[in-house]
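Order of writing sets the labels: A, B and C. Residues in every chain begin at 1.
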């Protein structure tokens, strides 16, 4: 186990957070029947997956990608199209769509990782927008702004039906736990050490013999795979997708979540995702002012808690 | 397997690099032999660290070639050069401050791991332990690198370079900011490293250290090599004295 | 037909050049990628619209006033947000602090864009000018007089910027800070003041861009989003460095969009722009004229 500056307390302990999150999300459907709350929780789970994947890229490979909204869309559209047009089962389209997302992630990484900093951001933004344009304009396939409807609910799997919210909740839950597990494994592996080095000081890492390109590409590919997976889960949950859900704004959300929670920690992205799903919902009361308030909250956050909630709390605790 | 040839370990031929209109390094050539400590000195801004950046690959060459044990590594990327055996430290001590000492060293071992994928762990933990012993850092292994005393940080930096199983060690002002005692500690470590078979290129401002520990010295000024020779030759060299105008040491010999 | 596309291309290219130069100024001196400039364009366009429609100001005067107003606004924003983040983020790694700035810019953009949507609704208007009726026609090409004027205005502003940067005391200080902030501070330059001035100038350029966009195209709350992205595309393709490089790059982008839009498909103009970006950066990761 590595010893890092931020390791103190149960919140920061990876295993503790894993357990806490798993239990916290496992229990609700047993008590809660309110469909709206279940919906919020399912969306939280999906965004947690997205947040974890972006945290992998940002917190470990140290790169901010603006292409992830598009990858989210590639996962969603691929699975939806495979099911709608070719009658393929969800259980086959899911891995296929995930694989395709990984491939695209790899391909986008190829030119992009030769650049750094702002260049990388703009380049991935370019990819994001190109794909958005394609989603929006390729009427024959994606039906453009009208979107794809009636995406089928997953069929029976070993006798389980996923038609109800409750059962779909656990489907997403399973994948969320899988994502968390994946992050744990990566962290504790030698790859994890390399990621850490790259994040802390790229030039030094390079000078110690670490192949930056290899690890960034690995992080990007895995990150995109998970993002695409989330896209599939989203598509078959809402049963309708359109290009808006896959543009730059969702990508910015994915970036904000780990930042709010605290990048590079384990529970940070999870916390950030949960907060950023619940807050906009809570803001619905404010109707038109919702977005403006959201923007202000974000700004205030960046000004006063730039390193994220978890780090903020830890600093407060260690000051006592 | 020891190489019995009298050949040079590291050859630098005509290294040249400009930034915009400014030529930072101009046709610099010299070589490093086995078991040698070669000092690289010169006034501030002479281009010494730039030469290191060219050798390690952080900067690309405009002209010239770099040959390591007979292999031309000029076009290799940075991490490849480390694999081939070039390791360096940085002026001002560059280490992973937020990570523990032992983790710093483990990271430096990465280039020697056979690719074991996500599950594998470094079975060569002995090298890290051995390096810590060699440098006397064993009892500090779990301390955060940024919390160490400067002398220990400097030794850690050297340790990291050693962990990459370097064939050539490039040290950039290892004694920067250290007191007299600490400087001699560092220099004795440098001697120990040379004895164990690794040649060293040494950038240093501390003239006493350079003169006592180096076998040969190369002097740069304004990006060009102005002298090369033994410490005695160098301290009496006209051009060198001119470059360092007013340096007490030249008069002191 | 080709000639017509080329001529249309010049207009859009010059606007891109103006946008890119404003962004480049702020990026090179303050190291801030100011994505919120898009909303500055929008504000400027709205202000310009009201000045023209309600108070019947002339075009040139309007643009000038708008530049001044938005310059102040820009400085206000910089002092309030970016500066605080920069000061607080001292301990963070370079990349992390950059990320915060980008997110802050987005946050500001979200606030401004949605506030505008609230106040102005989704009404789409265009800034009317007395020059819109006259159309020059020659060699089978027609150019509305207003477009020619736009090109001229851009030329004047860029020339003015060039003079300011090379000749004036502040301009030289800005360049010094861009190259080496620490060194500049040590030679007595007041960094904070230069930052504010740079932001003011950059925002003023953005204001002009916004007004011109409002004249040629439409004024509406979401108008700034794409232009600012394209501005960054221009900068990134050009590589940081010379003004000339940025201008050339804007023409590359503007012309490709115009020709592509005319010959291929108008729906995919943005794709073309970003396609160029991707190709250019793939070939030369630090910009066509940039270097490691």
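The rule we apply is simple: a residue touches a chain if its C-beta (ideal position, glycine included) is under 8 Å from a C-beta of that chain, and two chains touch if they have at least 3 such contacts.
As the structure is a computational prediction, the values presented were derived from the model and not from experiment.
Enquirer: Drawing the touching chains as a network, do you get a line, a ring, a star, a complete graph or other?
Expert: Shape of the chain contacts: a line, open at both ends.
Enquirer: Any idea which chain sits dead centre by C-alpha averages?
Expert: Checking distances from each chain centre to the full centroid gives A.
Enquirer: State, to the nearest whole Å, the distance from the C-alpha centre of chain A to the C-alpha centre of chain B.
Expert: 43
Enquirer: Nearest whole angstrom, what separates the Cα centre of chain B from the Cα centre of chain C?
Expert: Chain B and chain C have C-alpha centres separated by 46 Å.
Enquirer: Express in whole angstrom the distance between the two chain centres, defined as the mean CA positions of chain A and chain C.
Expert: 32
Enquirer: Can you list the chain A residues in contact with two or more other chains?
Expert: Residues 200-201 of chain A touch two or more partner chains.
Enquirer: Touching two or more other chains, which residues of chain B qualify?
Expert: none
Enquirer: Flag every residue of chain B that touches chain A in the complex, lowest number first.
Expert: So the residues of chain B touching chain A come out as 56, 58, 78-79, 82-83, 87-88, 90, 94-100, 103, 106-108, 110-113, 116-122, 142, 144, 146, 160, 164.
Enquirer: Note which residues of chain A are touching chain B in the complex, please.
Expert: 2-6, 185-186, 189-191, 193-194, 196-197, 200-201, 203-212
Enquirer: Would you pull the chain C residues touching chain A in the complex into a rising list?
Expert: 27, 33, 81, 84-85, 88-89, 92-93, 95-96, 98-100, 102-104, 106-111, 114-115, 117-118, 229, 232-233, 236, 265, 267-268, 270-271, 274-275, 277-278, 281-282, 285-287
Enquirer: Residue numbers of chain A touching chain C in their complex, please.
Expert: 58, 62, 64, 110-112, 114-115, 117-119, 121-123, 125-127, 129-130, 133-134, 136-137, 199-201, 252, 255-256, 259, 263, 288-289, 291-292, 294-296, 298-299, 302-303, 306-307
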